[in-house]
Each structure stands twice: as structure tokens, then as C-alpha cells.
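Paired with subunit B in one complex and with subunit C in the other, subunit A is shared by the two complexes that follow.
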Partner chain A sequence: EIKNIVYPLYQLGNPQLRIFRPSWFLTLVRPGKEQPPDTVQFRIPMDMTKYDVKNYLEKIYNVPVGVVRTRIQFGSNKKRNHLNQRVKKPDYKVAYVQLAQSQTFTFPDIFPEKDRTLKEGSMEEMQEKFMEDEKQRQKSDPRRGGVTEWFGL
Partner chain B sequence: MAARIRLPLLLPRSFPPLRSLKHVHTEAVKEPQYPPIVASLTAKSKSARLRQNEERIKLISSSPVEEKLSLITRIQRMKFVVYPQTFSRNPDRWYQHFTKTAYIPGLPEKFNPTTEGSQLATDQPAVPEIDDAAFSEIRDLVTRVILHEHWHKMRKRQPFLYKHQEQVVGPFLKTLVSELTYNLAKYNPLLRLSSLDFSPQVNFYWRRGKRIIPKGHRRGRQEPIRFQIDDHPHSQIRIPQQLPQFAPLEASYTAEVPEIHLAPNVMPLFRRQYDNNIFTGAKLPDPACYGHTQFHLVPDRYHRDRLARQQHSDQVEPFLRANAAASLFAWTGAQAMYQGFWDYQDVSRPFVSQAVITDGHFFSFFCYQLNTLALSVETDANNPRKNLLWGTESLRLYEGVQDGAVVGLDDCVLRLLVQFLMNRPHS
Partner chain C sequence: MASSSSLGRVLTLCKRFQSVFRISPAISVQHCAVNLKRCQNNLLSEKSSLIASSWITPISFVGQRRALHTTVSRRGLEEFFDQPENWGEPNVKSGAPWTAKQLRTKSNEDLHKLWYVLLKERNMLLTLAQEAKRQSLQMPSPERMKKIERSMVRLDTVVRERETALRLLQTGQEKGRPGDWRRNVFGYEYWYRFKEYTIPWYMNKRHERKKFYTPHFVQPHIRLRIERFLRERARKVNLKRKTLAKLKERFPQMKLPSS
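Entry: the complex of A and B
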């Protein structure tokens, strides 16, 4: 709804600033370094402030927020493309949100390991068996103890 | 063997006397005295580093106290600056982990009036009570001080934003402490020899835990995590004799200290490099080198009304506990170091101090017992001792001041305060 709006500076007596249907979107990310259990890490748009994040989470998502700390991560400008021009990785703002009321949050495992059991009698199972047999044939005799075929009869 | 010996061309007339052969056997029995085989001191190897550390430890252990302090705090490196009054969330768990302190809710048996009868038999006699006449005198004194500050004193203008605590409650606490100490000196002779400091400095430097340096020319190597506390309590009382312990050393073996395996900078805690200071509030030759009580003022920033406005009321108690743990650990640690104990020479007797943290209306009482100074990784490996912190919740002293009279003065809180100040070593 809102794009590129510059709000006038707040002066004493001005009405409370309210934003309806903000066009800011937060991204929950897995922390790179180990964080305490009550800390949640977000990537937020550069225009957002700590107080914006706090109000956003409290009003829209009903999350009890204690304290928010933000920092801006510089995206590197070092890499060069095939024309030797510098390629910039975009900067982004990171917010560390500590939850109130002693709530905890752990980032879930989005890509869990799948069980690789194949169906009986299927094509994939036969192919797996065949590949395993081939690998077994290629291996040398274990009784030779790693000595190559060059030495021998 | 004899046939193989090459005899000289001209054999002497008589062979040299075999007198020396008599002692050959006994000489062979005495072991040859070689110098002890130890690792090198200057090689570029891990064992040389270990030997350098051992030599340094020996040098520090054998030097007098002043030199010891200067040798321990000589090298400056990046360290975490621990502020006892901090805005972080749930700082009490973190500070307990840094200082190896176990928190015990409630005060030690000494201060509990209900168990007085049973305690007299044990080795910990209760704090001597003062009789009712003296107590009513104290109560009148306290009402006088409260009225003086909040009612009689003419203030031309209200204190500006966030200056109320330092401009109103600060002087109130100062007068209260000085008047109470002076009045109780007739019942507690130790207070006559004590020294009352206003806004003293208390500093302490220690190392706890290890981390692997992630980047730089020292990458991959182990580094101890260093901490420094620079505390400015409102006032403190220092005494020439040590207070008796609240609990025996062995009782701390079963206490529980919260373990946090995350780096301290996540708390958030910030690193700086500057002078490493260890200071109790007075320099080393001062005779009043042991601590009695500290008084802390809660600044406006952490006042419970402001925290309630921000819906952080549950952070009031952790803030007070963290303040007490950090300040008292720094004070008792500095006292112990002034006596010559340090990381590798652990304290032989527990060091005890008390603290009262207040914001004008609410008083919280804390007692701290330092059982161990050995907090670095090598010395902490087999150290079962833990430091102990006893503490109360915040108790309201008085409701308010109306029409020139103090409303709702709580006697229990006053009694606790008096007991705290009356605490003395039983001779």
C-alpha cells in the first residue's frame, strides 16, 4: 500500500503516527552464530527501526517482544564479473528480537533427512542393487591387503 | 677384556697401586647428579608455553601483594566490561555464570528472627538484637530523615527528567546511612573503627572460560575470556576485621550455578581494552580492608515505574539480583586479592559482604560469600566450591509522606536494616 512515503518530523502535540497495511515484510532466518533460546533473528527492510519491529510483531502477530537490537550487514562489493566490474551483494538489516514473558524459540529443521528405503520390486531398487554389485566387482581382493595387481602372478 | 688392553711399550717397574680400586665400587653406587630435565623456556613449542606459564605462576605466587596485583593486571587485552546495573534481559543468570555464584532466595539463618532459639546453640549466634527503646529511637530517626528530605526541604523546582533519583533519593540515602551508622556505633563497637565512603570506586578483573580465536594472526589458538567490573556504589562501609561466614565452605559444594555455553557478547556484553584495575575502595595499606555493607541506588533508567511503563516489570528483580551479584563479587574478590589470594592460590577462608539496593521506597537486602577465586579453566576443573548469594525480594519501607507524617513505615524492613548494620564478628 505505502511506497516511498516520507513522514514529517514528529513534534510535541502531533497525533500518534499510525500505519495501516504496512508494506514491510520480515524474514525469519536461522542464526549463523549460536543465540540464546529467547532470541529470534529477522532480516528486515532497511527503513525499519527497532521500535517499528517491536510494534509490528506485537500488533500484527501478537508476539510479546522484550527488546530489539538491529544492525546493518554490509554486502560485499569485492567479487568481480567476467567484465572485471565489481558486483555488489545487497546490504540488509538484521534484527535480534528477545522475547518477553520467558518464551523461547528454536529455528525449526526445514530440510529433515528422508529415509532412503526404496519400494520392493521397483526400478530404483534394482538399479541400486546393480550399482552396488558393480562397485563390489571393481574393488580388489581384500585378502591382498592393499597391494596392487602389478605385484603377483 | 684383559687380553685386549693395549699395554704400553715400556712396562713400568711396578704397576700403580690399586688403592684407588678399593673405592671404585662405592663411587659407582652414588647416582650422578644431573640437572632436572624440564621443557625449554624459549622454544617455539606448546611445552615451552606451558613452562613459561608455570614460571609466571611461581613468580606471582612468591611475590608480595602489591607486586602480585601489578603482575596480574599488567598485560592489557580486549576484555568484557561487566556493568552491575545493566539494561540486558535476564542478566542475573549470565552474571551468576560469569562469577560462579549460586543464588539462594531469602537471607541466611542469622537474620531470620523465627529460628533464633535453635540458632543460639549452634556455632552461628544470631545478630545481637537491640531492645525496643533503642529500636523506637532508630524509627524516629528514620522518620526524621524521610520527612527532612521529602517534606521539609524546600525545592525551588522539581528535578528535571530522569534526575529524580540522583537529586532526591541520593542525598536521602546519604543522610540515612550516615545517621544510622553513627547511631548504631554505640551498640556495635566495630562501626566506630569503620570507614564510610561515599561514591567509592570498586574495580575487579578476572578470567573465566576459554574461547578459540576465530580470525587474525592468532587464529585457532585458545584464549581465556577476561572480564572487568567498574562499579560505583552509592556508599560503603569498610571495617578492619572480617565478618564471620554465613555458611561453611563445604555447604557450597551442592549449590547450583547456571551454566551458559554461549559467548558473552550475545547477552549483549561489549569488549574494550583499557587498564586492568583491582580496587576495594581504598588503597592497599589502608587498615579497613575488609568490607561490611554496600549501599546501591537504582538509577532513574531502571526505576520500576519506568520499567512498568515499558511492560518490563518482570525484569526488576533480575536487575537487582544481577547488580548485587556483580557488585559484591567485585568487592569481595578485591578484598581477597588485597590479602594475597588469586586464581592459583585460592582463598583459605570465605570473604563475606552485604549490600542493600534501594530506589528510595523499596529496599532489597543481599548477602554474599566468596568461597573461591579460582575461576579460570585450569583451576576450575576440579573446584567444587561455589560462591553464594542470599537475597530478598524488594520490600517497601514506607508508603508515602502525607501532611508532615510518614505513612506506613514497615518495622520488619527497618529491623532487617538494623540487623545488617549490627552484624559483627563474634569475639
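Entry: the complex of A and C
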């Protein structure tokens, strides 16, 4: 939301630029391809650099960062909508951060299957019962032994 | 700060934090879902336990130290994810977003820290959303994203207000970036904001080609624009008058609206 921020030009001998309240947001993503155990993959805004990512993680998250490599992923412009206009998927920058001090990181499973015991008389319980009844109604007669309706009798 | 000794300073700081951020226990989170308005004053907009752990501030008593201390979070990359208890839950409870009125009561230090708290929460939500998209599942309680965004925008507005007020008092300038009213090629007058260059403007070859005046041949086009604007305005006024006349004809006892 901080748009049109102009930072002072840097020339040799100028003081180090310090950014307070950065408006950069990183997204940790699960790697598509197999990565080494110490590599963490992020999606970062396009105007962030490797040094920015390093300082960001070190200062805000207190994570020991070794090397950062970045690339820009092109979002396809090939898909077309119902008006035959090309729809652009936005481009994004990907950063591969290697952790220092021989730390490892594995992307955790954030959506584990939890068995939920539904409360008696609650909306969810009624909905579940209804869905089960519907499924039972759709099934064919078990006495036919798997024979389809196409065959008469 | 009234007290001069470091101990006194620390105590006043603790008292200030106690009054400013009332960290209520996790039980009250349930009441939050019932009545959000009531919770606005008492609870932070984030999960209280997240705040409780990140507010573990080591305060040192060594000598005459300035009363400024930073949070040491020992969790690193874990902060990109929610607490493990909330993984797999279909709904995660969260409070109301910060309003500008509430934020204006906080000090600059507190706003600075709150910005980073909100930033980390936003990063966490972004990672959650992306992973949900990847697994083709629904993200639990997606309304949190908008709440955080609005809180951050309001925080930024409050900080900007304070900065402009300070700048006005100190220098008399209301804008931080210098600018000027200039006319562009199309006849429009606009606020041109100055840009920082390494060479002066009279040596800048590319800047010479930029025209801050309206050439003579643009005047007819400007006149046509003015005519169109006047015509549209006249049309609006006429439409209003005609509708009123029609209504008056249909309903003779009608009283004319105040607007």
C-alpha cells in the first residue's frame, strides 16, 4: 500500500539507505522441483533484490541466511477468456534462500486430515447425514450384483 | 519519561505496555466471535498467544541504557506458518481490524512494532493461501487477509499524518517531496513532483524534450473539451428539471424535494 516511494539516489560516500516499515511481503512456497535440504523457496515482490531478501530475513525473522538466488517467473499470456482476449497471469520473482549454519528446512504439511467429532444437533452434523443419505440413494440395488440397469430385469 | 534511573525507566515502560496492550488469555478469543465491537478495545486483532510469545522482550538493567529494546523471536521460519494447533482447522478465529482512531492513541514506537507484527501475520497468511491453492483446498478464514491489509493501510495513514504535522511545525512545508504546479502539452495543469537526478536540469538532454507548456495549436482542442463539459453539465441540469416537471404533472400535490 505504500506506493510511489522514492528513495534518495545513491552516490559513492552516501550514508547507507535504511528502510523503516517495509511494505514487502514474502510468500514461502513449496518447491515444485526437488531442492537441497537447506534451500527455502520464496515468492518475493519484483523490486526486491538478493541483498534485500537477505537483510529482510536476517533482521525481521532472525534467520541465518547464506546465499540468495533470484529469478523472475514469467506468467503466461496464452490463456483466453470467453471474449477471446488474452488473459495475463501476473509475473513474480522467486528467491531460493540457502540457510547458513548448516540448518535444514522441510516444507510442513499444513492441511493434515483431522477426524472431527461433530456436535449432536449441530448444522454440520445434519449436513453430513443428509449427504450420506443422498449418496446411499444414488447407489444401485445391491441385490443385482453389479449388473447395470441397461439389462432388463 | 519522568524517572531518570534505568530501573524507573523500565518500570514506567512496563506500566505503559500494560496499559497500552492488554494481552487477554486465549479464552476471551471465543467471546470475540460473539461481539467483535466489544473486543476492539481489549484485544489485539491477532491471535493473542502469537502476540504473547513475540512480546517476550529481554530488558536489561545495565547502567543508564536508553529505554529501547527489540524483540528476540527464537522461531525463525516457523513464523511463516500458523501455530501447529490451527493446521487443518476449517475456521480460525480472529478479532476486528485496527481502526485509525485506535491507532492514533498509540505511540510511534508501538506503531513501529505493530507494523512488523502485522507484516509477519500477513506473510503467514500469504503462505497459507498459496499452499491452499497448491493443494486445491480452501484457506481457513480468508477474511483475515483483508483485515490485515486495512489495518496496515490505516497505520500508514496515521504515521503519514504525524509526519506531515511534524514537518509543518518544523519547516512549514506540508509535502515531503518538493513539487510544482505545471501545465502539460494537453492543456492540463497538474502537480509535477520533482525527481532526483545526478546532473542539473540544463544539462539533461532527455528532459529538454519534455514540454511544460501548451502549444498554440492545442487551443481549439481545449475549446472543444470545454464545450463538451458544459454540454454535459447542462444536460444533467435539464434532466433534473424535466423529471421534476413530469412528476409535478403526474402528482400535482407533490412537494418539491429539498435537494
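Please note the rule applied: the second predicted complex is superposed on the first by the 109 of 153 C-alpha atoms of A that agree within 3 Å, B and C clash if a C-alpha of one lies under 4 Å from a C-alpha of the other, contacts with A are read in each partner's own complex, and residues count from 1 in each chain.
Here is the rule we go by: contacts are C-beta pairs under 8 Å (C-beta built on N, C-alpha and C of every residue); 3 or more make two chains touch, one makes a residue touch a chain.
All values reported here derive from a predicted model rather than from experimental measurement.
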Joint occupancy of subunit A by subunit B and subunit C, clash or fit: fit
Subunit B versus subunit C as contact partner of A:Pro108, first or second or both or neither: second
First, second, both or neither for A:Ile60, with subunit B first and subunit C second: second
Subunit B versus subunit C as contact partner of A:Ala100, first or second or both or neither: first
Touched partner set for A:Pro8, first subunit B, second subunit C, both or neither: second
First (subunit B), second (subunit C), both or neither touched by A:Val147: neither
A:Gln35 touches, of subunit B and subunit C: first, second, both or neither? first
Which of subunit B and subunit C A:Val87 touches, first, second, both or neither: neither
Per-residue contact with subunit A, leading partner among subunit C and subunit B: C
Touching partner for A:Met126 - first (subunit B), second (subunit C), both, neither: neither
Three-chain overlay, closest Cα atoms of subunit B and subunit C, distance in Å: 19
Doubly contacted residues of subunit A, that is, touched by subunit B and again by subunit C: none
Subunit C-facing residues of subunit A, complex: 1-2, 6, 8-9, 11, 20-23, 25-30, 40, 43, 60-63, 105, 108-114
Complex contact set, residues of subunit B against subunit A: 87, 89-90, 260-263, 266-268, 311-312, 314
Touching residues on subunit A, where the partner in the complex is subunit B: 33-36, 38-39, 66-67, 69, 98, 100-102
Subunit C to subunit A touching residues, read off their complex: 72-74, 76-77, 79-82, 87-89, 112, 115-116, 119-120, 122-123, 126-128, 130-132, 134-135, 137, 149, 152-153, 156, 159, 177, 195-198
